[in-house]
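Same chain, two partners: chain A is paired with chain B first, then with chain C.
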Partner chain A sequence: MEILEKNINNIDVVSLSGRLDAYSAGDLEKKLDSLFEAAHIQLIINFEQLEYISSSGLRVLLAALKKVKRQHGDIKLACLKPNVKEVFNIAGFTQIFNIFDTVETASKGFENA
Partner chain B sequence: MTHDQLELNIDAKLKNLSVIADFISSSMSQFGIEADDFEVQTAVDEACTNIIKYAYSGEGGIITLTCEVRDNDFVVTIRDRGKPFDPSSVPPSDLGADLDKRRIGGLGIYLMRRLMDDVSYSFDAKKGNTLVMRKTLTGKKQKH
Partner chain C sequence: MTVTVTDVLIELFKTACVVIAFTYVLTRTKLFTDVLDKRFTPVNRLILIILFGALSIFGTYGGVKLPSDAIANIRDLGPMIAGITCGPLIGLGAGLIGGIHRYFMGGFVAVPCALSTIIAGLLGGAIYRFKRGEFVAVWQAILFAIFMESLHMGLTLLIARPYEEALGTVKEVILPMNVANALGMAIFAFIVRNLITERRTAVERESFRRELERTEYEMETARGIQQSFLPESPPRIEGFELAVLNLPARQVGGDFYDFIPVSENEWGIIIADVSGKGVPAALFMALSRTLVRVNVADNITASQAMQKANRMISQEAKMGMFVTLFYAVLDSEKRRLKYVNAGHNPPFVVKKSSGEVILLRASGIAMGVMDDVSLEEREIKLDSDDIVVFYTDGITEAIDRGNEQFGEARLIETINQNADLPVKDLIDRVKDDVFAFAQGQPQYDDFTLVILKATQG
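Take a look at the complex of A and B:
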């Protein structure tokens, strides 16, 4: 899995590509923790290039959301492929995360908050 | 050419999860199954993750996967020689709970059960752990 990150108007957009499984979940956890330590707690995770997610990936996302919510931040998700979206649905994660069709609409979600 | 059974023996390492996913995908295509492979891939990935992390406690070993078509089912059998690990012994995930109350565990096994039609576990002192996962191919199997 590759992780790219850029900051746009104080929102960090973290773009994932490849497979988010038990092997790569630790890399994402480290990346997100480094952002939280730098007080970056307004995040959009862009799933456009992410082909696969397992429960290990879901677990990292859930733990990260709990961390930022405690500091009144948020994580919004964008561009989930149908298979990835189905895993979110089955796991009940669509009720926990705000999910948007594009990064642009996700960032508007922060403006309106 | 059709195959009765396809087998993969692989080191129980997390980096091999993508190799396992590719094996499932290529097995389904060799059996002429047109169904989307991601459900079986995900279920097998979750099972193998548990074997690597819990049955072998991250210390390594061999995982043997076999794929076959029985009647109208695609059947994946996963064997390991780690500690006995029965997925059904894990408490179910609390899916309805809100963010604060949501526990982090149990999700992988829940996904396995939801994505496959049947998951059964057995332990034998000689053979080790055996997990058999079945996916019914209603209308999805291509005739040869």
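Take a look at the complex of A and C:
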């Protein structure tokens, strides 16, 4: 899995590609933790290039969400492929994550907050 | 006959090779490993002094006689090696042997030559002390040899008389002796460096192997403990057949299933999948399984029981751990299944009468995500020969070489084609199909499959 990160107007956009599974979940966890340590707690995760997510991937995202929420930050998700969205649906994670069709609408979500 | 510098160098190098071959053998002996571990005794000290002293004498005899009667030699090599590997005492001892021997051979350079050899051993020992017994780097060994031989030449010029003759000798031997001794030292240092690295690697490998063995043992124990959390065999339920498959991908896993008697005619059936894999998942599995079990009771509904269990799990859920869980209460008399779905892959019912496949979806969220959740409770009637398939995503997400998933459709297909088999055989068929599909790819996630079939009633 590849993880790319850029900062746009104080919002970090983390773009994932490939498979987010037990093997790659640790990499994402480290990346997100390093952002939190630098007090970056407004995040958009761009799933456009992500082919697959497993429960290990959901765990990392949930842990991250719990961390930023404690500091009144948020993580918004954008551009989920249907099969990835289905994993969120089944686990009920659509109830706790804000999911957007595009990165732009996700960043507007931060502006309106 | 004139002797060129190259000839001298080649001869000296031959002698040095003998010294190196000898020291190489020495480095493979217990004597030398004792030295590396600094286990010195009077006996091994004495042996080392004699051996390196003998090498020094060999260096003298293996020298090249020059037209001026001076001898280009590598007499200092033995004592230098003795000093830097074994310390000043053995260096001095070897130097004394080589030096005194040289002194009695006489000649106008006897005194400076003898003195140099003794100093070579002492200086090597000084380096050993300075480095606190740590072996020198190859380049340091080379520098030492060059410095030592230059000192040797300096002493010759200073002490040997007549000066003109001494100068002539020095001019003849300075290059070959520097090169030959430096080369000898370099090769020796290289051998010892390698030996030290090799020994360190061997020690690390051994401790790593032991650690691995211990972990393996602990994991086997953990596996046994985890297996004991799972029902030994499915219960006999009047009018139903029940079979189970549970294959963790690693020694311990995060999947679990359970059968809990709720009331006289009711059995709770649970299938669950903890996020992640291996030990963290197994620990969370043990916690979740217990908290679910204690909350199941006959005086509350399935959704109330699971909501209570969720609150307890959620309060313990650190690191984002969560568990997807499907809980069904089978009433064997009314042939009815009440169920709640906490974020788990929906099990499905294959209806015998219509061939219809019904997914057991119900709104909910995985356990451990939030303290307060609402889990919808639904129910479905079961008729004769209806089959209920509960599974974890390890089965449907098993991939072939092309990364394609086994998927829900293939699972349903396998069940449909073998619906008439006893459930035990049906389970085996699913297992075979998944493994055949995976084409020998390693099992990536835990497999758990529970199949319930209503028999003629």
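Here, the second predicted complex is superposed on the first by the 113 of 113 C-alpha atoms of A that agree within 3 Å, B and C clash if a C-alpha of one lies under 4 Å from a C-alpha of the other, contacts with A are read in each partner's own complex, and residues count from 1 in each chain.
Methods note: contacts are C-beta pairs under 8 Å (C-beta built on N, C-alpha and C of every residue); 3 or more make two chains touch, one makes a residue touch a chain.
The model shown is predicted, which means the values in this text are computed figures rather than measured ones.
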* For A:Arg59, select first, second, both or neither according to whether it touches chain B, chain C, the two together, or no partner. => both
* To do: Please indicate which partner A:Gly92 is in contact with in the superposed arrangement: first for chain B, second for chain C, both, or neither.
  => both
* Check whether A:Ala22 is in contact with chain B, with chain C, with both or with neither, and answer first, second, both or neither. => both
* Classify the contacts of A:Phe100 with the two partner chains as first (chain B alone), second (chain C alone), both, or neither. => neither
* Which holds for A:Lys69: it touches chain B only (first), chain C only (second), both, or neither? -> first
* Do chain B and chain C land on any of the same chain A residues, and which? -> 21-22, 54-56, 58-59, 62-63, 65-66, 90-92, 96
* Under the touch definition given earlier, write down the residues of chain B that touch chain A in their complex. => 14-15, 17-18, 21, 36, 38, 41-42, 45-46, 49, 52-53, 93, 95-96, 98-100, 102, 104, 107-108, 110-111, 114-115
* Structure fact -> Given the complex, residues on chain A that touch chain B span 19, 21-23, 52, 54-56, 58-59, 62-63, 65-66, 69, 83, 86-87, 90-92, 96
* To do: Please name which positions on chain C make contact with chain A in the complex.
  => 273-277, 319-322, 324, 342-346, 363-366, 369-370, 373, 393, 397, 444-445
* To do: Give every residue of chain A touching chain C within the complex, in rising order.
  => 21-22, 25, 54-56, 58-66, 90-93, 95-96
